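Next come two complexes built around chain A: one with chain B, the other with chain C.
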Partner chain A sequence: MAISPNNLEPQNARETKAPAAAKLKSLPVRRNQVDSAGKIETGADLTEHLNLEIKNKYEKDRKLGEGTYATVFLGHLKKDPKSEVAIKKIKVMQEYKDGISVSAIREIKFLQELSHPNIIAMHDVYSSKNQNLCLVLEFLPLGDLEMLIRDSEGIRYGTADIKAWMAMLGRGVWWCHENFVLHRDIKPNNLLIAANGEIKLADFGLARSFADPYNRMTWNVITRWYRPPELLYRARHYGGAVDVWSVGCVFAELILRVPYLAGTSDVDQLDKICQAIGSPTEQNWPGVSELQDYVKSESIRPLQKKESFLGLFGTVGEGGVDLLMSTLILDPRRRVTAKQFLQHRWWTSEPRPTKTENLPRKGGVSAREKVGEDLKRRGGELDNDKGADKVARKLDFGNRSKQAV
Partner chain B sequence: MPSARRPNGIDESVICPVCKSSTYLNPNMIFKVNPECYHKMCDSCVERIFTSGPAPCPVAGCGKTLRKNRFKIPRFEDLAVERECDIRARVAQILNHSEADFDSLRTYNDYEEWKEELIMDLVSGNNVQEWERKLKEHAKENQESIKANARHEEDLREQVKEDERVRIERSELSRAEAQREFQEELAEREAGRKEVINKILNTNSDVLRVAKEAESVLQKRAAARNQPSTANGTMGVTSGSGDANITGKTTGSVGAAKSTGFSISGLKKIQPQTKEVEKVYDAFDGLSLQFKYYSLAEKYFHPRSNAVDKEKGHASGGYLGWDYQRRAQMDAHAGLGIFVEEEKA
Partner chain C sequence: MNEDDIYRTSTQFRFWTYTAKALTDLRASSNSLAASRVRDAIKRSREQGSKSETSTNNAVPEVDCLTVEEEQKLVGWYCTKAMEFCDFSEFPKAVKATAVQFLKRFYLSTSPMTYHPKQMMLSAIYLATKVENFYIGIAEFAKMIPKTTADDILAPEFLLTQGLRFTFDVRHPYRSLEGGIMELHEMSRGSYIPPHGSSFTTEDVRVGILKVKSHRGKPATMTPDECAERIKRAHNKAGDILTKGALLTDAYFLYTPSQIWMSALLAADKPLAEFYLHIILSGTPNGSVSEPSSLELRLLSLLEQCAGLMTRSSSRGPDETETMELKRIDKKLYHCRNPEKIDLVGMNKAVKEGSNGDKVDEEKVVKKRKIERDRAAKEEQDLFGAPLKK
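Take a look at the complex of A and B:
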């Protein structure tokens, strides 16, 4: 496999297509091809050449979804018509007239680096003819974790299933952190399900690498319900612990089948955290008062005891509750790391995690469309109030939705 | 003698090339062929010549040694078709992989195409000796897997039959059940009506009320009847179908390295028959980040990042100087595992 047929193609094009160009010009259908071939001829620009090479590898089949940020197509490899890929075409936007959007850059930058079974794979990147960026992503046909959580009528799952999912999520996050990438937008929406049932971490539009010391990061990341207290206090320096909190929230949501801490505003979110876990104080979180937005609340709530967690989340067993609590520790330095998360005793205790192929799943057209929905979203879209609105409308769980909208 | 080959039309007779007896005189004559040479001859000639053991074919210029037990009545008028069918059956017996044995549809299709080419070669007489030798060797080498495949196919056929039987049985049972229920209901209705009439006759109470009472009694009974009957319906028919599961079949790897037989690419590896003892669940799924070319020290002297842990706003937000130091180490050494020569290749 030294040289693939694809590599040869443009060279062939140079030899064979050029003489035929004059003839083909009269055929409008082939026009495009002639143009591109001509470009290779005249421009001989190496980057353009390579780009075309990649572009010609794929064929778009149909549109899966369209958003303000991107359009998602289902496509396949020309060589193998049975393969399926998702092609995410990022729109050239008003705000980024001079270049491409930050989230697109982030997504490409990190997906290119990270290769792990629990992280969505990016096969290729190319630019289309009007300079739109196209990311060729792994196509994950079974929707996302949110669909499974919400469908409490149709989908039943147990501790073993939760364990399997959480382990996969944990591995994905662990791999990001080991490669010094913060995902910063972990939520069930962004956990897509592959054809074999595996969970894949997607949407790296808000990701960044671990910052250098004294380098300020933005606090305005992670969808509010999954945002840790240090970000709500607007910390400018943080680490992998922010993702671990989100993992804990997803864990709790998997058990409850309803978002665990669903605040309607940032203040309300902090309030919810205080109620559910306890108020951050200098005792349980040394240095918390130094954070920019820390306000000492007049009524200090004590840290919740393990018993109350056991009451809510007891179905996953004592070990599970222990692990959940360790991801939801207020002080980010005492919160478990992704690695410690995977080293917990819960994983080896009974019941054994469900095998991937036996995990409950939801197939059909709806799941496929959902993937289109998920991929077209723009990272961090949910952060402003408009975005929050959107989420609340999308999720429907009885009385809470009224409150949120 | 072209007329002998033709299908025997209404007024055309076929003549046995050996004894020259004709269907005109004996319409019940049976013609047989031997897959050795496919020369047609009548049944009585076969009996006459080959009963006492193998003998050369009596057709002029053939002379192949034939055995009586290989003679058969051709299924097709056209003996070329007959011959191709025989070859196909023989090859299919040896190369009997099913789609499930291959790791992708593509490899299976490749295999099928290759098989087709082989058959066409045999039919048209290309390279026959070579192919025959290879087929024979292949059959010998892969006896086990061929047998297993054949057995599996047999099992599948059995399974289909069994399923059909169970289906019929079940539908018959349910029909009988429905019939019985209907009869019971009729009888009950009849009894109820009689009761109502009796009541009306015996007591002089309100007719309507009595009728209503009787109706409610009937309804109650019907409800009571429905419950056990559904339970009955599911019981008793659970026989058979469930326990007929087929044990994992062995596919047998075809000796790819052997130069003599065939090499069939894309076959799945045989799964070990013994059930693997489940290992302790590994939350890391077998991945580890052991660095081959460097190791981390306990602590690094780097004032800037060391100081960070005590810095206001850094530590309390969860920022760790250690993370920065680890990253710096990784960035510095990231190129160590990459060999330009390998990358080029």
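Take a look at the complex of A and C:
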């Protein structure tokens, strides 16, 4: 509980971090202000002024890509031309009548709150002249996990690499859940890769808070192949377990290099789950028959035994298979939590996860060459990494501190 | 990383928590900045007027601007209006509470002389429905309000989000209050597990809570049922404070959500709250003795302050003299509004029309996919049926 009186003691940090207050002191009351473009703004008020100041910190360079609701640009800090940021400009849609879109609001809301090495960092938000929202994100130049998985010609990777990627994914998801945020769209395509090889959970357009268990939620989330059975049965109350299922699907896909449960419709998706894992029944999932769209299937497929999973996924070892199976438990209440996921014995067993800078990367070379600069910046962490080889340590949850794996 | 640390990473703490002094200073600066803008703008419009009409108004009086107190009264009044609207429309508590905090946050750096709270209020409520998973189409929302178009509601939205500095997450004390009340019930039923390091046992706590002094300080021995009743009364009263006083005062700017709900409990039933605090702090050094520790005393005095703030008269609706006063302020505002910022719908159009950069067909595809996405969000609260039209 955040009740400590220390939260209230005037801290220098806070006085300066309440930028509006600090800013006001230095803001002369001018009649006109000239912004960088030389355009004269008549009587910009405080918030407009703050906004302009943020906007003027950055320079856009070139277009990087186009998403469903945004255009993404490469940019840099004006005061540091070597810096790199991604500027995600949310499109204003003339036909969209409900004001700022819910996806944009969600993405901004959660990225403002979540700060973790495995969640894409948002440095700033500002609005352009034409009221476009611009999110200044950390630049993640190495594409996404989907690209790596699909490039089976160009990129080879093994268990140690999968372990490193999955640990990073697990930590990012754990941090979301620790903050009562469900991501609700975890898939390889939304896992972006930083210059140093780190995995970053991105795209929070479907995220929501699940602090209040009484709220009914929509089942219509998560891309089908990664959607857990409770959502396919249209459950209205659910929790972190939905993301954990998706994590399991990503894990399986990393091993197989093709999507594990690629249903062609919602019905087919359930069918694929029954085939691969087993049919949900009251025995293996008490209460399932009360879910809205539950239909008792004609032919009940028994739960698949560990042997059959070992056959498919055995390359990651018995421990890895055990962990994978625990993410793909039909009953969401018995599925592992993100925290338990990170506490699994697999992480500390051989092989050790690949060091981030040695992970395979787009173009087929490891990130090592490029990483020299990063290492310098990260100072002390280098020594920790060296230690990790000798001593099998427990997985660090990585909340804004060092990376132990 | 404990809950305190997590809270410190929130935007509510980083951007929207102030010392009392910083808060006063900020409001004073915002007021004086806005006042000088208003005077300039009114002068400009008079100059233009005299050019075209070539006559009259030589000796124009200096504009009489709102004071900080007047601004706060006015904003406070529109906050109560927003709450009434949300109650009437049966919006969830979180929508109401978030909308009010949006207004309060917005008017820390903006003056009602620049943007009238009447214009901002509906926009704040609408934004809160989107933020708190109670998304309603704008057409439907506008229908609920007489003489209001979708444009009226959406035009200020952008200014609002800018004033909020693009932080949308508001942390409320409701869930923690429920948690605390649950713990109190466990204490009285003998199923509460004291914090790690405490020397109290479950049984100590059970016996202790039944002996908590009454309101007036009279010693008491309650039966478990009487105790449960008492907890329930305290729960209701504290809940009431959280949906009124906590929202309308500066509590959110000055205290953490946990401090706020505990203060509400303190205001509702002081001996019970003190007992609770003593128990939950009993795992901290020096916590497990009969006398309160120094941390506990410091915390108690802080909670007293917060409780005092939330139960002060300013947290209730206005009485007759206050209503008169509000009318006076509103009239005064009529003469000191910034004339360049009144037509928000027009301003908004002008900006939007200047922004036809994107290619058309590209837009269509994008739109389709996004609308699909937003439909999922919308569907989330269609579940509540459509109780919104009245």
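Note that the second predicted complex is superposed on the first by the 311 of 405 C-alpha atoms of A that agree within 3 Å, B and C clash if a C-alpha of one lies under 4 Å from a C-alpha of the other, contacts with A are read in each partner's own complex, and residues count from 1 in each chain.
Criterion: a contact is a pair of C-beta atoms (placed from the backbone, for glycine too) under 8 Å apart; a residue touches a chain by one contact, two chains touch by 3 or more.
Every value quoted in this text rests on a predicted model; they were computed, and no experiment measured them.
> Now for A:R352: first (chain B), second (chain C), both, or neither, which partner does it touch?
After superposing on A, A:R352 lies in contact with chain B but is clear of chain C.
> With both complexes overlaid on chain A, does A:L342 touch chain B (first), chain C (second), both or neither?
first
> Looking at the overlay, what does A:S299 touch: chain B (first), chain C (second), both, or neither?
Neither partner.
> Determine, for the superposed model, which of the two partners chain B and chain C contacts more residues of chain A.
So, of the two partners, C touches more residues of chain A.
> Check the residue A:Q283 against both partner chains and state whether it touches chain B (first), chain C (second), both, or neither.
neither
> Quick check for you: in the superposed arrangement, does A:S103 touch first (chain B), second (chain C), both or neither?
A:S103 sits against chain C, while chain B stays out of touch.
> Examine A:D212 and indicate which partner it touches, taking first as chain B and second as chain C; both and neither are also allowed.
After superposing on A, A:D212 lies in contact with both chain B and chain C.
> After superposition on the shared chain, which partner residues are touched by A:R333: those of chain B (first), chain C (second), both, or neither?
So A:R333 only meets chain B here.
> Is A:A235 touching anything from chain B or chain C once the two structures are fitted on A? First, second, both or neither.
In the superposition, A:A235 touches chain B alone.
> Name the contact category of A:N130: first (chain B only), second (chain C only), both, or neither.
second
> Please identify the positions on chain A that touch both chain B and chain C, taking each partner from its own complex.
On chain A, the overlap between the chain B and chain C contacts is residues 2, 178, 209, 211-212, 236.
> Can you name the residues of chain B that touch chain A in the complex?
105, 278, 280-285, 287, 289, 304-305, 307-308, 311-321, 323-324, 326-327, 330, 345
> Spell out the residues on chain A that touch chain B in their complex, using ranges where they run on.
Interface residues on chain A, with respect to chain B: 2, 82, 116-117, 167, 170-171, 174-175, 178, 180, 209-214, 230, 235-242, 285-288, 290-292, 331-333, 335, 342-344, 347-348, 352-353.
> So in the complex, which bits of chain A are touching chain C?
1-8, 10, 14-15, 17-21, 24-25, 27, 29, 31, 42-43, 45-48, 50-51, 66, 68-69, 91-103, 105-106, 108-110, 112-113, 115, 125-127, 129-133, 178-179, 205-206, 208-209, 211-212, 215-218, 220-221, 236, 399
> Using the touch definition up top, name the residues of chain C that touch chain A in the complex.
Those in contact with chain A are residues 1, 3-4, 6-11, 13-15, 17-19, 21-22, 25-26, 29-30, 32-34, 36-37, 40-41, 94, 108-110, 114, 126-127, 130-131, 133, 135, 137-139, 150, 153-154, 157-159, 161-163, 165-169, 175-176, 254-259, 262, 280, 295, 298-299, 302, 338, 340, 348, 351-352, 354-355, 357-358, 362-363, 366-367, 369-371, 373-374, 376-380, 383-384.
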